[in-house]
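Before anything else, here is the set of structures, which you'll find just below.
Two complexes are shown next, each including chain A; its partner changes from chain B in the first to chain C in the second.
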Partner chain A sequence: MADILSILPQQLVFGLALGTVYGLIALGYTMVYGILFMINFAHGEIFMIGAYLGWGVLTFLLNAQIAGLHAAWVVPLMLLQAMLGAGLLGVCLERFAYRPLYARGATRLGPLISAIGASIFLQNAVMLTQGARMKVYMTSLLFPRAWRFEILGVSISVLVIVMIAAAALMMWGLHELVQRTTLGRSIRAVAEDREMAAVVGVNVRRVIAVTFFLGSALAGAGGVLVGLYYTQIDFFMGYSAGLKAFTAAVLGGIGNIRGAMLGGLLLGLIESLAVTFINPAYKDVVAFAVLIVTLVVRPTGLLGDVSAQAEKV
Partner chain B sequence: MLRLTDVVAHYGPLRVLSSVTLEVRSGEIVCLLGGNASGKSTTMKTILGLVRPSAGQVELEGARIDGLPTEAIVRRGVSLVPEARRIFGRMTVWENLQMGALTRRGAPPPELAADVERVYGLFPRLGERAGQLGGTLSGGEQQMLAMGRALMARPRLLLMDEPSMGLSPALVDQVFDTIQAINRQGTTILVVEQNATVALGIAHRGYVLQNGRIVAHDAADALLRADHIRRAYLGED
Partner chain C sequence: MAALVAFAVIAPLVAPNDYWIGVMARICLYATLALGLNVVVGFAGLLDLGYVAFFGIGSYLYAFLASPQFGLHLPFLVALPIVLVVTALSGVLIGAPTLRLRGDYLAIVTLGFGEITYLLLINLDRPVNITGGPSGIVSIDAPAFWRLAITTNRQYYYMFLVMLLVALVASARLRDSRIGWAWQAIREDELAARVMGINTTVAKLQAFATGAALAGVGGAFLASWQRSVFPDNFLFTESINILAMVIVGGVGNLLGVMVGAAIIVALPEIFRDLQLYRLLVFGLLLMVLMIFRPQGLVVGWRRPPRVPAPVADVDSASDVRRAD
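And then the complex of A and B:
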């Protein structure tokens, strides 16, 4: 037991890092649900493609043998590329896979099935173009193993700090955008009452597209961070990460932005506790048990608005 | 300012408006009377592009607006105070007012701030509750907020859908006094009402809608005097 307790702080730090990334991906699910009441099941694939885009930047720089590769500029470049690419992909998905359905008054099931189709399509597109074998992130070139320090006996790598800081910064940025800007108010207005939003002059289609861009860009950034952390990516990685992030979004209360952040953090921490106290093999079991328990005990999630949910039904 | 000519509208196979023709002239208050399901709200929705007319045309200041997307119509200076208020309940009073001014992007912030103050001047309760969420306001306060939100757009034409619904008689008087005050400041108003007495009391002209057809239109005081109107809409035998 003493052994287990000694590694607990270390595991909690890992859990925190993973949790912020889950939160980052969960935001996309929750924003799209908030605005269209649909679960974008292709969101995990957008995350995966973000990871590939970041990997592409890193590989390009390595192949070009550019001297002086340093995490301080390479990582932002990878994130930028992944966010732009993933964001645009999200906008395309909405435009071509979902809008034709919901604009013609399809039931909520239509876009959902289209999303599952898009997910399968994107997985196979990446497998066919990039190969089925995993790709390796050369993380150690950017973050040498020696880059770590000890705080209260816990060894923390610079990479973990960068992950937490980057994810936290993006979440803060999104929160400020949604709460304080005209665009953010328009997003909230469309989420609350789409027709009334149009009546005060909101260009609803554009706001929906922007929402997809933002959510997808965050997932793309999450892909790069996860790639750097696990150092391996493959075309199927979006499936489980997507399910985890979906769990985080439901845990926090789907449709609620702060809920997605909180749900992600909690899920990351719960997983790391499961790894420490139960068995690493049960990590996913615990995560999905959390999903089931949440749905049974508190279907609206931790921060979900019970009355708002009731109105929607 | 606004002219509907032979407008026909359907909800699926159901015909809701049959050849509706009406006109609102600049500076007027016009009221559109009618019972439940007479097509009043559909007329409003058709003007705003929320319902596409299947025939006929809608003109705003001489230009056709039917077929334009709602936000484009709103940008031409039409604001709506909707039925049942429909304020943004999860936004504060101040944020709701900012949403009202969305079509004025580019307006200098001091000008917008002055307009917010003007709304607070009109409805002091809103000023006291500026930071409160819209959903926590009382029904009367929500009606004030819906009106304030519409005014923030500085509309040339203000559409009001059942502003008296669900309000106490004292509040109804206050709301209609305010409508008159807004009109005197130069805003043209089209108001849809079931409460015909109050609406005709402030309107210049009125139209009566029945089963999607205009069955009468005249000066407001003439409608108030007309026997069949009194029987049908003023609850008199």
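And then the complex of A and C:
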């Protein structure tokens, strides 16, 4: 028991880092769900492509043998590339795979299958162009192993700090954007009532496209952070990450931005606790069991609005 | 319909080779599964993303009952009813906590159950070996009917075809029964269904149990055909595949569901020449199909299919609200 308690703080730090990234990816699910009531099953693949884009930047810089590679400018560059690329991909996906469906007022199952098709397509497109073997993130070149410090006996690497800080910064930025800007108000209006928003002059199509861009960009950034953390990426990584992030979004109450962040954090912490106290092999079982129990007790997730949900149904 | 059955009976006799008979057997197997999922998603309008769990439970249960794993070697026809009853019960067990949930929340909970089932299958080899872990269970008994042991693909095909026909007749009769109408009422409007005096709790559990039982039987057939079961047979992607069959063909439509199964199983086989590109093409086709035929390939000839919306689709829901 003493052993377990001594590694617990360390595990909690990992859980926190992983949780913020889950939250980052979950935001994309929740935003798209908030305005379109659809589960964007290809979101995990966008995350995966973000990881590849970041890897591409890093590999390019390494191959070009540029002197003075430093995390302080390389990581933002990787994030930027991944966010732009993933964001644009999200917009394309919306334009070509989903809009033709929801614009006609199709049912909810159609877009779901279309998204699954997109997910299979993107996975295989990456596998065919990049190869099925995993790619290695040269994280140790950016974040030397010596870059760590101790707080209360817990060893924390700079990378984990950067991950948490970057994810938290982006979440804060999104929150401010949605709550304080005109664009944010349009997004909230479309989420509230799409037709009414159109009546009062909101460009609904543009808002939906922007939402896809924002959600996908965050997933792309999450891809880079996860790549740096685990140092290995492959074309299939979007599957489990997407599943986890989706779980996080539902745990917090899907459609609710703060809920996605909370759900991500909780999921990361639950997993690290399960690894510490139960068995690493069962961490996903515990995560899903917590989700199921939460939903049985609170059918709309932790922060989901019970009354609003009842009205929508 | 008779022509279709006749075609299905003759098909293996004219099939080019044994491989294609195997593909046809798989089509029958998946059509049965798709009919089972169709009861849940198509009739009752409950979006189930963890359907493969029941398929897995059925497979492993048959493997437990008829393999050296526990030294049991029950005959196929004895094991089958056990599998049917137990998987139906598992459907009730998994369905019960989800009764209060709607739409996408239901989807994620069923998905969670599917993942948990998979993880248990892959991890329950320690501390006590139950499922055999990642290496699964092998040397499962082949089914035998009295003296006739089923060994060739062609025999399996006919066995699967019989299963499919039973599932089809059962689906059709259920659809037009009192239970079936209750399901469809719940699908269209749960609150109204309850007001009409339908016990929605019982009806939903019946839907879960029926779907699960069909998947369980399908699982037993799969285990007896492969003569082995592995956790990787029951990945989430398999749930998605079966759901795609139901939706591509035409949700709620029995012929459509079977056509969907045939397409989803056969397409990657037809594109086998494209080798690595076949899944790429498959994904693309799913998107294109949904864009051009969102209601599915086969549209009902008996009554116009009201497409089920688990929570109600966005536009009509807002219309209703405004009318208030």
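In this text, the second predicted complex is superposed on the first by the 313 of 313 C-alpha atoms of A that agree within 3 Å, B and C clash if a C-alpha of one lies under 4 Å from a C-alpha of the other, contacts with A are read in each partner's own complex, and residues count from 1 in each chain.
Quick note on the criterion: contacts are C-beta pairs under 8 Å (C-beta built on N, C-alpha and C of every residue); 3 or more make two chains touch, one makes a residue touch a chain.
These numbers were taken from a predicted model, which means no experiment stands behind them.
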Review point. In the superposed model on chain A, is it clash or fit for chain B and chain C?
Key: fit
Review point. Given the touch rule stated above, what does A:T182 touch, chain B (first), chain C (second), both, or neither?
Key: first
Review point. Once the two structures are placed together by chain A, how many degrees is the angle at chain A between chain B and chain C, based on Cα centres and rounded to a multiple of 10?
Key: 90
**Study point:** chain B versus chain C as contact partner of A:T276, first or second or both or neither
**Key:** neither
Exercise for review: Could you say whether A:E195 touches chain B, chain C, both of them, or neither, answering first, second, both or neither?
Suggested key: both
Point to revise | Which superposed partner A:N203 touches (first chain B, second chain C, both, neither) | key: first
Exercise for review: Figure out whether A:Q81 sits in contact with chain B (first) or chain C (second), or with both, or with neither.
Suggested key: neither
Check your understanding: So after superposition, what is the minimum Cα distance from chain B to chain C, given in Å?
Key -> 7
Review point. Between chain B and chain C, which residues of chain A are contacted by each of them?
Key: 193, 195
Review point. Which part of chain A faces chain B closely enough to touch in the complex?
Key: 182, 185-186, 188-189, 192-193, 195-204, 305, 308
Exercise for review: Write out the stretch or stretches of chain A touching chain C in their complex.
Suggested key: 33, 36-37, 39, 96-97, 100-102, 104-114, 116-125, 127-128, 193-195, 239, 243, 246-247, 250, 254, 281-282, 284-285, 288-289, 291-292, 295-296, 299-301, 309, 311-313
Review point. What residues of chain C sit close enough to touch chain A in their complex?
Key: 41, 47, 97-98, 100-105, 107-109, 111-113, 115-116, 119-120, 123, 236, 240, 243-244, 247-248, 251, 276-277, 279-280, 282-287, 289-291, 294-295, 307-318, 321
Point to revise | In the complex, chain B residues that touch chain A | key: 48, 50, 69-71, 74-75, 79-80, 82, 86, 88-91, 95, 98-100, 102-103, 105, 149, 153
